[in-house]
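Before anything else, here is the set of structures, which you'll find just below.
Two complexes follow with chain A in common, the first pairing it with chain B and the second with chain C.
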Partner chain A sequence: MASVALSEAEKVYIMHGVQEDLRVDGRGCEDYRCVEVETDVVSNTSGSARVKLGHTDILVGVKAEMGMPKLEKPNEGYLEFFVDCSANATPEFEGRGGDDLGTEIANTLYRIFNNKSSVDLKTLCISAREHCWVLYVDVLLLECDGNLFDAISIAVKAALFNTRIPRVRVLEDEEGSKDIELSDDPYDCIRLSVENVPCIVTLCKIGYRHVVDATLQEEACSLASLLVSVTSKGVVTCLRKVGKGSLDPESIFEMMEPGSPSGQGQGSAHLFSRPSFPSIHLTFLTD
Partner chain B sequence: MAGLELLSDQGYRVDGRRAGELRKIQARMGVFAQADGSAYIEQGNTKALAVVYGPHEIRGSRARALPDRALVNCQYSSATFSTGERKRRPHGDRKSCEMGLQLRQTFEAAILTQLHPRSQIDIYVQVLQADGGTYAACVNAATLAVLDAGIPMRDFVCACSAGFVDGTALADLSHVEEAAGGPQLALALLPASGQIALLEMDARLHEDHLEQVLEAAAQAAQDVHILLDRVVRQHIWPSPDYPLLQSGPWGCFSPNIPRVSWHRQGWYAPHFMLRTPQLQ
Partner chain C sequence: MAMEMRLPVARKPLSERLGRDTKKHLVVPGDTITTDTGFMRGHGTYMGEEKLIASVAGSVERVNKLICVKALKTRYIGEVGDIVVGRITEVQQKRWKVETNSRLDSVLLLSSMNLPGGELRRRSAEDELAMRGFLQEGDLISAEVQAVFSDGAVSLHTRSLKYGKLGQGVLVQVSPSLVKRQKTHFHDLPCGASVILGNNGFIWIYPTPEHKEEEAGGFAANLEPVSLADREVISRLRNCIVSLVTQRMMLYDTSILYCYEASLPHQIKDILKPEIMEEIVMETRQRLLEQEG
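After this line comes the complex of A and B, so read on.
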């Protein structure tokens, strides 16, 4: 993970502030930074989105290509994730330096989408066992200022919302050979429903309290974090503890209490009251 | 591609440009706060981002430190979604390594490396969308990023590509024109002196035509210089003629922001994006 060198005095300062519910930039422990989401930024992809969460900058491009369905799921298409931590974020990511972090994030994304409800994969099927749409979701990390998982999950959701998959028809002629025909109208396309796509909320434990949306400095002070992937309906699709420290079992439920509303707010219920998030849900409703 | 006319009888190219006309160029400096210098450029549909870190201490082995000058380290990376067909690896493949070396050669000619002995300057270029002329876009973006970082250079480095079709030299090739298979010349120029920092040509070209193509590329690079110069001046001293680009997400990126086009000069129209103030 991109890291920043902090002195002991700075760490103590941050921790004392967090105990009093006051962070370095004036936020409370459960406040997010201002999020900017923009879709349709790269024109030669099927869908794209850019998310700026403070100084964390993520660009996601989705490309839809035709492929063979997987053997165990012949009626469904699938998603492939790839995360590129570019050297723009920090010189440590040059060459293969960013590969570890990239694989970790990609594996987390596979995990959170590994359920029946997140994306309706049956709409991606063209003809069973032969053709299906494969969505290659490519995440590009441009600038890193903490809280990567949250920003990436928002960007992936926005990019999937923006994805336009051309409508195809399968024509079968007398010999039995199948031909795939693309419709003439370039605007005739399938859109995915992203209602149930989860968003990740990272809760970092600093001292005895936890903070949401940690900056790079705050992540350097925290020993353990909890990643909760939650949909707008409050369904938790993935729960993961990261970091070299340890978490108390009771504190996990304590952290989940507000954590679940934060994530739902990145989609739903409780956190609609938080000013920074309703805008994200609304942008997905309009176009 | 059979049947695709790269240059019509009236002298128009596939996208409606004239032979020596550049694509629309929009550029912005200082897009990232954390890097020492950064810049973003759009040349038509080719979008490139450059970030500069340095001069700082040599990372890795100290043995690589040069006693009398700085080490310039370049990495070229193109996003997997940048090309029409999805790329598997953003960097590390041969083409990216070669581009990195070419960028390094170009910038070692321009940066005053003697002023920073035993240190390292990192230039990272990212191509977000590739529609021909990626090397030129990268060099132009990197020049702006190096200037944004405050690293002293001899001169701007301006680059442009050129080709040759039906007896006419074309400047600033798009992907369609590059894929057609004709000769392509990439030129990086130091405009004030006219010195060439990098010259590369692919495919066959008769030597009688070489001068014409080189001349077209050099003229295009000079035109790019005028634009980049204006971008730098506008970034440092916003004046009433060129109002300050409001800070926000890469001003010239979003298609939804109202565009204001400024007066045309010659063949190209330098467009600068004005942003409405962010509403919270």
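After this line comes the complex of A and C, so read on.
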């Protein structure tokens, strides 16, 4: 992960601030920075999105191509993720430096989508065992300012929402040979339902408390983070610990409980129901 | 604490909002500055086909017969006497390498550093071995530029009680061209915090110490928790500086103070929202114009 060098005194200042619920930029421990989302930015993809979370800049492009369904799931299409950490983000990513982070993020994306409800893969099937749609999701990291996983999950969700897959019909000849016909109308396409696509919430443990949406400086002060992937209905699809520190199982439950025992009265579970997402769907539907 | 999502909005060009009388002559690389051959060419220009062409993007400055282009976004170019805030990147034999947002890492020689206790003596081999005890990788220091080498690298010194290792506080990195040159760069703001405006674009905001420390440079960093009131002032100042920089305003003690006062009605975390940022900076600009005129 891109890191920034901090002095001991700076780290102490950040940690004490987090204990008192006042971070360096005035946010509370559970406040996010302003997010800017833009869809349909790349013209030659089936769907794309660009997300800016503070100075973190992510560009996602989705291309739909026809392929063979997997042997164990003949009635479904599938998604392939590829993450490219560009050297624009930080000089550490030059050459092969960004490959480790890229594979880590791609594996996390595979895990959070690895369940029946996230994306309805049956809609991606054209004809069983022979043809299906494969969605290649390419993530490009343009700038890195902390909290990569959250921004990437928002961008992937927006790009999948924006994806337009052309509607095809399979015609069968008398001899049995199949022909695939593309519909004449270029706007006749199928859209994916992204209601159940999960979003990642990263909880960084700093001192005795956890923060949401950490900046690079705050990530340098935290030894362990918890990645929770959750849908708008509150269903948790994946839970992962990142970082070289360790987390007590008690503290993991504490982070996820609606009311933390320290009596602060706020809980990270509030984040699990994000009313903003369905409203974003409504605004995009009008474009 | 719901998340706020917004669609990106094109930023309004500055000149529209300013209504300034003096229009700066802005050029981009390749632009013709003048076809008059009577001028001497300075930095940022070159002669091509009988006319003077700009080689950097910035504003044209003319002093009598000398024309030069001052770049708007550039690395820090050191000049003797500048105050800088830097971060130690390497500990080498008899010197430290300091990152100061310039083209090359700056150098802080062991002989240019104050020893604890303020003593003046020759640096011995023990001092050399104990270098990491004074300054480690990642530490922040405030220093003054002593000399500039021929390749542009800057040599620093901390031979005064007001320079040295910095303790608890917040660092904001801005473009060096936005820091106004003034007589003093160490300010104790009346709102309750102190700020060091480094000429290299590193701004250090820290809580005002109650009593002036007597130890040279303050090597023993004070790691006690800073009070919540001081923290709020520091966070607010940090957000104000970030909003001034986003609107490309010059940074000096008066502009920062006016911006702080204009931001008081808003919550600290709201200052970074684009519409509130514009409002606050507009008010600051108004007050500064009134003060000048």
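One rule holds in what follows: the second predicted complex is superposed on the first by the 257 of 287 C-alpha atoms of A that agree within 3 Å, B and C clash if a C-alpha of one lies under 4 Å from a C-alpha of the other, contacts with A are read in each partner's own complex, and residues count from 1 in each chain.
Everything that follows uses one rule, which is that a residue touches a chain if its C-beta (ideal position, glycine included) is under 8 Å from a C-beta of that chain, and two chains touch if they have at least 3 such contacts.
Note that the structure is a prediction, hence the values are computed from the model and not measured.
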item: Touching partner for A:Asp84 - first (chain B), second (chain C), both, neither; value: first
item: Touched partner set for A:Glu38, first chain B, second chain C, both or neither; value: both
item: Partner chain(s) touched by A:Glu30 [first = chain B, second = chain C, both, neither]; value: second
item: Chain B versus chain C as contact partner of A:Leu22, first or second or both or neither; value: second
item: Which superposed partner A:Leu182 touches (first chain B, second chain C, both, neither); value: neither
item: Partner chain in contact with A:Leu223 - chain B first, chain C second, else both or neither; value: neither
item: Contacts of A:Met66 with chain B and chain C, given as first, second, both or neither; value: neither
item: First (chain B), second (chain C), both or neither touched by A:Asp145; value: first
item: Touching partner for A:Lys52 - first (chain B), second (chain C), both, neither; value: both
item: Overlap of the chain B and chain C footprints on chain A, listed as residue numbers; value: 34, 36, 38, 52
item: Contacting residues of chain C [partner chain A, same complex]; value: 1-8, 87, 89, 136-140, 166-171, 221-223, 225-226, 228, 231-232, 235-236, 238-239, 267-269, 271-274
item: Chain A-facing residues of chain B, complex; value: 32-35, 38, 45, 47, 49, 51, 53, 59, 73, 75, 77, 79-84, 86, 90-92, 122, 124, 126, 128-129, 131, 248-249, 253-255, 280
item: Residues on chain A engaged by chain C in the complex (per definition of touch); value: 5-10, 12-13, 16-17, 20, 22-28, 30-38, 52, 266, 270-271, 274-276, 280, 283
item: Residues on chain A engaged by chain B in the complex (per definition of touch); value: 34, 36, 38, 40-45, 48, 50, 52, 55, 57, 59, 61-63, 65, 82, 84, 86-91, 94-96, 136, 138, 140, 142-145
